[in-house]
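Below is one structure, written out as structure tokens, with a few remarks after it.
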């Protein structure tokens, strides 16, 4: 019980210190508003924030599904053929280091001006792709060497080896990759909305940018808080999944 | 001739681990490999299985992929599969339907005394049980070449004898050429048509003791003087090898 | 530490740091020209120009005391400051006309801004609660026309139906040079859009403590602009090219040309460089307040002071 | 040899197809320039690109070092105390999902207008933080349970257990986390430069952005290519490190 | 009394694994645990070590942390540490200097026949070698309570006997209360002051056979009729238990 309270206490302490510092140093609220102001903004905006957060979450989840499928397919291809692996790896890295803002115009054109949500999903998927791909590639190579030897003996083909040995062996790494990718999908959706949203789209990005343009820092922080909560919730979900998955995997 | 090691030598990082060592395995033969810990028995088995190549000498094998079954020294089970699924795996890979594979797996598990534990995961089994699952997985495929690395080491005497008879029964049915590693000299003499005694260090052949009786064993074989004599012979070779080292 | 790293002022000079709203470009030409030709130094100022960029928030820099003066891009930004009670004022406007344009493809039946009603328009986020408000009020545009503009004209080129926002000095040239088209360009200011642009912002504190410095800065900048537009722009351009290596001479030349031909800086009256008026501010505020951007009782007069404007 | 050539052949084939497609369909070069145009841009710009790439790499490496230290310290704290863990986790996730652009103004003020490189390193470190933290947290919990039991028996204290069991056990996950983080540090440095590079920063970011605004897509792609090569090189380095590390770790 | 299990019962996922089972271990006693595979021997050892708690019954222990040493059934070594570093680990944790710990580790490794392999990693050792490293790690700390789970199972007869005498020598020096699991009945009778025979299934005590002679063993003990008698007695109890199941 005390342990469960600890983080709450810590957060409360941090907030208290922040509030006091803001008041004592009379920091102007457009630079850093006190938590009470953020709380007010939250209370005033919560309906809109909820709708925006839902919007962003929907985009992020779609992107995560797309990224997960694409990354795992690519990793499977790489595992089936070293040539594919050598060819895909630099492309995957290049994709990871490409800033969303650079390819947004091209993606916008491809998605069509009337389908900004397609562009957002595609861009966020690009952001979330790499950790899953990298985790899958590493995981697919992490099978117990003695089990690999047994599969040699059984004369297992590449496909069977992949499906029945390497893929299950990769599970812990895949779970870890998805955990990292979940947060990236969210931030990717937000950034994609910055550069590819429909201007009037109602995700969290719009709220953040609009508040920032208008110097309403408290409103911006409220939106960031909503974003953080969204991320934490998704992370908690994936962590629970990881725990359950690993428990199943290990058999105890 | 199913498999043959011809003056093979293996070393790891410059340290000699085996050989020069030769072993020829005829069809339907059971060879027991005994020798001190670390002499290269597991290494020799890996060479016979074609899982490793020697630095010197030659390995000749006459078994297609899928015709060799191995039990490694440690139970090598997939943690995410149940005992039955682990045993069924080689069958499914060889093209059997899932149902048939599972049925055969269940009967193989029953044969090693694990009826009722089909659904257990490797992590939920005791050390001896896991080893028995590993053994069941090797026996279920009816291999032409059977390689067993101390398969009964973690088992009590009674289970051990029962499983030894089980392997012999399988051998009577299908006649796989078998090499098994054991530290139990009596077991070696009881089961094998030939006992090869290895030296310490990088293992060489110290003695090659043929069985005093034909396989399958006549009843009461363990109490015959010929049996005791073979056991003495193997033990003496072992002791001599270790004293020389 | 701040002290130690602050730029050393020349003997007897007042150090001034001036934050612009973007990377160095012709739209900042007058200020660079004033540095290059010594207009600031002549008036006892040691001015350093700090380039802006996408993440640089000029009002916050001002508020945090990181710079002494900053650039306010348009009148909305200045009124936003007033609404949030930021103690900052506009002291001069160096563009009488906001260079904001709408751009449409030729031959699509668009001859004036009004013809864009119902068509998709690429707008940046910052525009939505700025000139878009004016467009909606004046022409009955609706929010469902809005598409995201991320400052690349490629999506515009890819679709003939689409219009986009832009700066008169920038996008039309890009479209012409790289896209090979001569689009229809419509300056909002020519249709009566009342915003100023490129204002100089000063903190209330500086205005109170050192009004002479502010005054000197405004005067020198006006001189710089006059020289940049009607004299030899080479000294200012050299500084711009040094600060922003991506900038090229041809872009600078055409931008300067546009600034002159559209009368962006002086509105056609050289004497008006830097000028602001109560009427123009009132007009702007009434427009924006009517559309609900600001509360009608906002004291918009605290957003600016005419104390320094020529 | 043939295998080593394969990716080169693949890339050459892709480039050839692209060139032909561009010419055959006469795609406007601002949408997608043919590789030959990119090559020309590269040839014309290579000196500047090299300097910019070096600049970006330096920022990214600094950010990676900062992120690595911070993430591992945080993970160690989390491993030492479940309370710290519960308190840190949501903060770490919130940090991950916070878009750089939203906090850039605050970081800019903190770093001071005269030190954009500090702001860039800080922002890029924020981007690279999470995969290392998450990998470290997962890795620190992945020790062999039987070894954990032995440490119980030895009466090992928390510190000793951490240093001598959990940290070495975490190695494979740490390596994987760093591999993902390396790319994120690079893209983080670029994005940070977009939003924090107040003039004096001369990395690849501004080149990309400016070329994109000016529809000089070939120049933009040349800069992206430089970025991709940078990322691929850093990734290759980390993969070699991972292979060596794992080999050392497993002892064979 | 160093450790005691009092009518303990353990079950995993509703399936009974052990008990009700009782075992009391006096200071300086050596108890051998024999029983069929899967009867709960390893589980009983984990209870004695305090690594697991029973669902029913009570465990009493009188050994501080650091005073118990365990050899698990599988060699549980840190793959990233050399053999010597693995053995030195508990010493270093108990506060010895690195140098002294390494010295003692080297001599412990020499004692189990691994002189010259100090630098080898676990992955470079044979199965029996790894188990010996594990044993050396347990012996090096001079524990008050020593728990060994089939420590010699992967070893040849000669090494096995040598190590058994080694454990007895250690016991003579430091007198740790020892429980060891074995499948070798002769070994059990030779080493233990008491042999506890367990039933199959959830293991209970079937027999508790005291040694016919005092420890340390008189020379030639293995050939005495008392020795053979005890062996017979234990074997009979085992066979009876398995037949009943």
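Letters are used for the chains, namely A, B, C, D and E, taken in the order the chains are written, and counting of residues starts over at 1 for each.
FYI, a residue touches a chain if its C-beta (ideal position, glycine included) is under 8 Å from a C-beta of that chain, and two chains touch if they have at least 3 such contacts.
Small disclaimer: the values here were computed from a predicted structure and weren't measured.
Enquirer: Give the chains in contact with both chain A and chain B, ordered by label.
Expert: none
Enquirer: Where each step is a move between two chains that touch, what is the least number of such steps from chain B to chain C?
Expert: Minimum step count, chain B to chain C: 2.
Enquirer: For this structure, which two chains share the highest number of contact pairs?
Expert: Looking across every pairing, the one with the most contacts is A-D.
Enquirer: Starting from the mean Cα coordinates of chain C and chain D, work out the distance between those two points in Å.
Expert: Centre-to-centre distance between chain C and chain D: 36 Å.
Enquirer: If you average the CA atoms of chain A and of chain D, how far apart do the two points sit, in angstrom?
Expert: Distance between chain centres, rounded to whole Å: 15 Å.
Enquirer: Can you give the whole-Å distance between the Cα centres of chain B and chain E?
Expert: Roughly 26 Å separates the two chain centres.
Enquirer: Taking the mean of the C-alpha atoms as each chain's centre, how many Å separate chain D from chain E?
Expert: Computed from C-alpha means, the inter-chain centre distance equals 50 Å.
Enquirer: What are the residue numbers in chain C that touch two or more other chains?
Expert: Residues 57, 60, 64, 152, 154, 158 of chain C touch two or more partner chains.
Enquirer: Could you pull out the residues of chain E that touch at least 2 other chains?
Expert: 74, 124
Enquirer: What are the residue numbers in chain D that touch two or more other chains?
Expert: Where chain D meets two or more other chains at a single residue, that happens at 31, 101, 105-106, 109, 194, 209, 212.
Enquirer: Touching pairs of chains, which are they?
Expert: A-B, A-C, A-D, B-E, C-D, D-E
Enquirer: Touching residues of chain C toward chain A in the complex: what are they?
Expert: On the chain C side, the touching residues are 57, 59-60, 63-64, 80-81, 83-84, 86, 120, 122-123, 125-126, 128-129, 143-144, 146-150, 152, 154-155, 158-159, 162.
Enquirer: Flag every residue of chain D that touches chain E in the complex, lowest number first.
Expert: Spelled out, the residues of chain D in touch with chain E are 144, 146-147, 149-156, 160, 164-165, 168, 171, 248-252.
Enquirer: Considering the complex alone, what residue numbers of chain D touch chain A?
Expert: 3-4, 6-7, 10-11, 31-32, 82-83, 86-87, 89-90, 93-94, 96-99, 101-103, 105-106, 109, 130-131, 134-135, 138, 142, 172-173, 176, 179-180, 183-184, 186-187, 190-191, 194, 205, 208-209, 212, 220, 224, 227-228, 230-232, 235, 242
Enquirer: With touch defined as at the start, can you tell me which chain E residues reach chain D in the complex?
Expert: Spelled out, the residues of chain E in touch with chain D are 49-51, 64-66, 68-70, 72, 74, 76, 78-81, 89-90, 92-94, 121-124.
Enquirer: Which residues of chain E touch chain B once you look at their complex with the stated criterion?
Expert: Of all residues in chain E, those touching chain B are 12-13, 34-38, 42, 73-74, 113, 124-129, 132, 149-150, 153-160, 183-185, 235, 238-239, 242.
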